[in-house]
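All chains are identified by letter, namely A, B and C, in their written order; residue positions are counted from 1 within each chain.
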Amino acid sequence: METSEATKAPTYDYEPVAEARGVAVHYGGIKAVDGVSLGLRPGNISGILGPNGSGKTTLLGALTRMVQLTRGSVWCQGQNYSQVKSDRVITLGISRTFQTVRLLPERTVWDNIILSTDVVFKRQGDKVEGLVKEAIARTGLEGLEKARPDELSYGMQRRVEIARAIAVQPRLLFLDEPTAGMSRKERTDISALMRSLRSEGLTQLIVEHDVGMMVETCDYLYAMNFGSLIAEGTPPVVVRDAAVQEAYLGKHGRHDA
Amino acid sequence: MVQDLLNATTLASIYVLFALGMSLVWGTIGILNFAHGSIFMFSAFIAYLVVQQIPLGMPAVIAIAMVSGALIAVAMQYLVFQPIMKKAKNPHAGELQLVIGGIGLSAIPISFAQRSTLSNPFGFSAGTFETQAYTIGGVIITNVMIIILIVGLGLGVGTALWIRNSKKGLALRALGVDPEVSAMMGIDRPKLALATMLYSGALAGLAGALLTYYFNSITSESGDTLLLKAFAIIILGGVGSIFGVILGSFILAFAEFAVLLYTNGSWVTAVSFGLLFLILLIRPQGILGKKEVRRT
Amino acid sequence: MYRSKKHRLGVAAVGLSAVLTLAACSSGDSEDTAATAEATEEVVVEESATEDTTQEEAEAAEETCVLPPGDIKVVSIDSMTGPAAFAGILAEKGADLALKEINASGVLGDGVTMSIELLDDATSPDEAAAQFSKAAKDPDVPVIMGGVISSGAVVTSPIAEKEKVAVVYTQAGSPGVVIGDYTFRYTPPMDSYWGGVGSYIEEKGIKTMSVLYANDNPTLIATAETALPALAADLGFEILSSTGLPNSTQDFKAPISKILKEDPDAVAVLMVGAQNATVVSQMRESGWEAPKELLGFAGIENNFADIGEAAKGVTWASIFHVDSPAQSTQAFVDAVAAEYDGEEASNYTAERYDATYLVANSILAACSTDRQAVRDAMADLTNGSITGALGDVTFENQDARVAGFVVQWDGEKMVVLK
């Protein structure tokens, strides 16, 4: 990994919960992410907007150590965690959900949620039980503890994923297309859930291409195209940005589903 | 008839003992270990070499075989499988390399044992254990059969329940279903992988010792024969399902038994592998295997 | 015709000299073997002349063949690894011993030696075919010694016929191995001597038999499906069932259960390796005891070390036994013991030992390393009876025949019956 200009600590007028400094992820000749720097605002819901293939999920992968950085570094609470193994990221207070539902099919909702807490809070049986109960309450899954994922609606399955991610009490939650494939009602519900988590102090970063939902939910937006950031700011500012309109809205029109 | 059922159940228990470790490793840490058969054989072979020098009883022989199996498996994991997984560009390329690595690895102990025994059968006759046969109501059962039935079925059911009900079992299962999500949930794959290989190796050693007692002798190639059957059993029952291993073992053992009892034998392989094809056609995930719910 | 006849005595002399040399060496220090060999050779000519040859041939023997000095390289393809390695490794010990004796005796002529380039077929027919093709295409290879596995031999024999190079096999007992002018076999096919068990079957009054055989081993298939039914027709016993099992079979309780229900007088066990030991011990565990009989086949004794007592009473026909009264066999047994740390000679070692002598004698008789000449000499030699480690061996269409022994496992080792 080379040190470049971009990896020098940028200054923010706030203490970022997590930072990408000049992050680049190249696969052979393909530059999925190419020099992105951003610092996540504490207590905010931030969003990364961009058309399919713009590199937003890869950036999320880089921030969770699931993909290797070609260049640059990732930081959390002043610590460079670019070399930390992906299974230790959760101990930094970073948790995530995935683009598609990835639950243990033959296990109950309870088992799926307890999975993360048990690993993180080893040998703290009582505490773990309490955390799972709390996560279930916060995501409105009461009474479904014994259900299996395939007995639940898609929207409910996504809630189980969110419950699993927040049960470890992270400081930062990444959500990869949390409302993809959902009905209007389910989307509204998830959006409400995210805002309620924010009110409890959880910083979140959403990757989405549903602009309407992003504008509705997020406090701050980043827009990506071809692996780079092309705009950032409050939702109204970003949505009106000419480059964003050109890259995203202009070319593809509204991209809701 | 009762005798045949008992004998078929014993054969099924043997299959369980052998396939259990292989299924566990495949279904959790994603390693289809083609060296499992040679771990099985070589553990028994090491016990054989020791027994040639010191006449030992069954518990000591089993202990030697289990420790040998565990050590060989851990060494393989540490020296070969783990580096392969680390270097693999993507999980699928890794899987293929692991299979090839396993096949390559298995050749080493087999060649060594072949050279050493001139491919003659070997067994524990130099030890102190004696097979005893008992006749109960016209049914003959040996002490080795009793041990195999108890240990095979006990470990099979025990392991299945442990995977189903313990936190570690949950973590292992998660690892088997989705390594990426597991990592995000903080599951330490290398550590669990090593522990799983250790358990699987010890099981292979146990199976090696018990089978040698049951068949009186095995050869350097005995592991490979069982490997193919175990592969069929795991597919039959469903990859990742330990109860599937038990079910698959019973299906294969009873199918083989029925074919051998009622035909002149030539069809035994065709029938067992015909079953496998049938399952793959009508239920590709295996009888007890679960369809993936991810990938919407 | 005259040419080959002229050399026959010289050839017989080599074979016998080897035996005599052995007798001389085995009692004393084996240092300075060449001198001993030289000394014995004169004796040989005299002895063979008085023993079994006509005056004409004795005169012919005095014409010596002069081969050009150098090393005659013979290729041997054998299973040194893989499941048949037990046979291959023992066989090559016989070849090494014979070669050592032949070169020490100097009988091939001044500055002429013979060597064997050993290629391992790893018990794989494909590997055997590949190596055989290479050797057969090399014109400098006068003759090839073939591998022990039938599945390989049935593939390599057509190559030998096509490339017109003589091949001598040991083991490789199935049909389809000795198929023409260029293929020879020094191990009699099992069905040719299994009949030796016939008198035993009659003596024990066996009227019914069930057969368990390996259905992926050509030799054992031929024995179970051809030789045994012929023997049954001949002796008037009935075969109740014949169960062919693949080499993946490890548990035999199902076929045994079937056989117990048939309740035959005898069971023939024609399986491979550890399978034999498992069948026999599982039969015993199921209560199969005398006067019920268990019959086996040559080589089965190698599988019994680990079941010892359980195999007691298993009876079979063998082409070789260390207690054979034949003088030539005893000399060989002593030589093996002297060369290999007191090792007990086996049939595999004996066959290959004799086959190696046949190769050397054929080259000497042809007085050439020309392939065709060597093959013609070999055909001529195998027209008569050859005495060696296996005792007296005759050939039927280039395929060996011996009387054989009926042997029985006594709990520790095999003993000759009667």
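Heads up, the rule we're going with is that a residue touches a chain if its C-beta (ideal position, glycine included) is under 8 Å from a C-beta of that chain, and two chains touch if they have at least 3 such contacts.
All values reported here derive from a predicted model rather than from experimental measurement.
Distance from subunit C peaks, on a Cα-centroid basis, for A. Taking the mean of each chain's C-alpha atoms, the chain closest to the overall C-alpha centroid is B. Averaged Cα coordinates give subunit A a centre that lies 41 Å from the centre of subunit B.
Subunit A and subunit C have Cα centroids separated by 76 Å.
Contact residues of subunit A toward subunit B in the complex are 64, 66, 85-91, 95-96, 98, 100-107, 111, 114-116, 118-120, 149-150, 154, 157, 164, 168, 181. On the subunit C side of its complex with subunit B, the touching residues are 81-86, 89-90, 215, 241-251, 253-255, 257-258, 273-274, 277-278, 281, 285-287, 302-303, 305-308, 310. Residues of subunit B touching subunit A in their complex: 167, 170-171, 173-174, 177-178, 180-189, 290-296.
Across the interface of their complex, subunit C is touched by residues 3-4, 7-8, 10-11, 14, 111, 114-115, 117-125, 131, 133, 140, 142, 211, 214-222, 225-226, 228-229, 256-257, 259-261, 264-266, 268-269 of subunit B.
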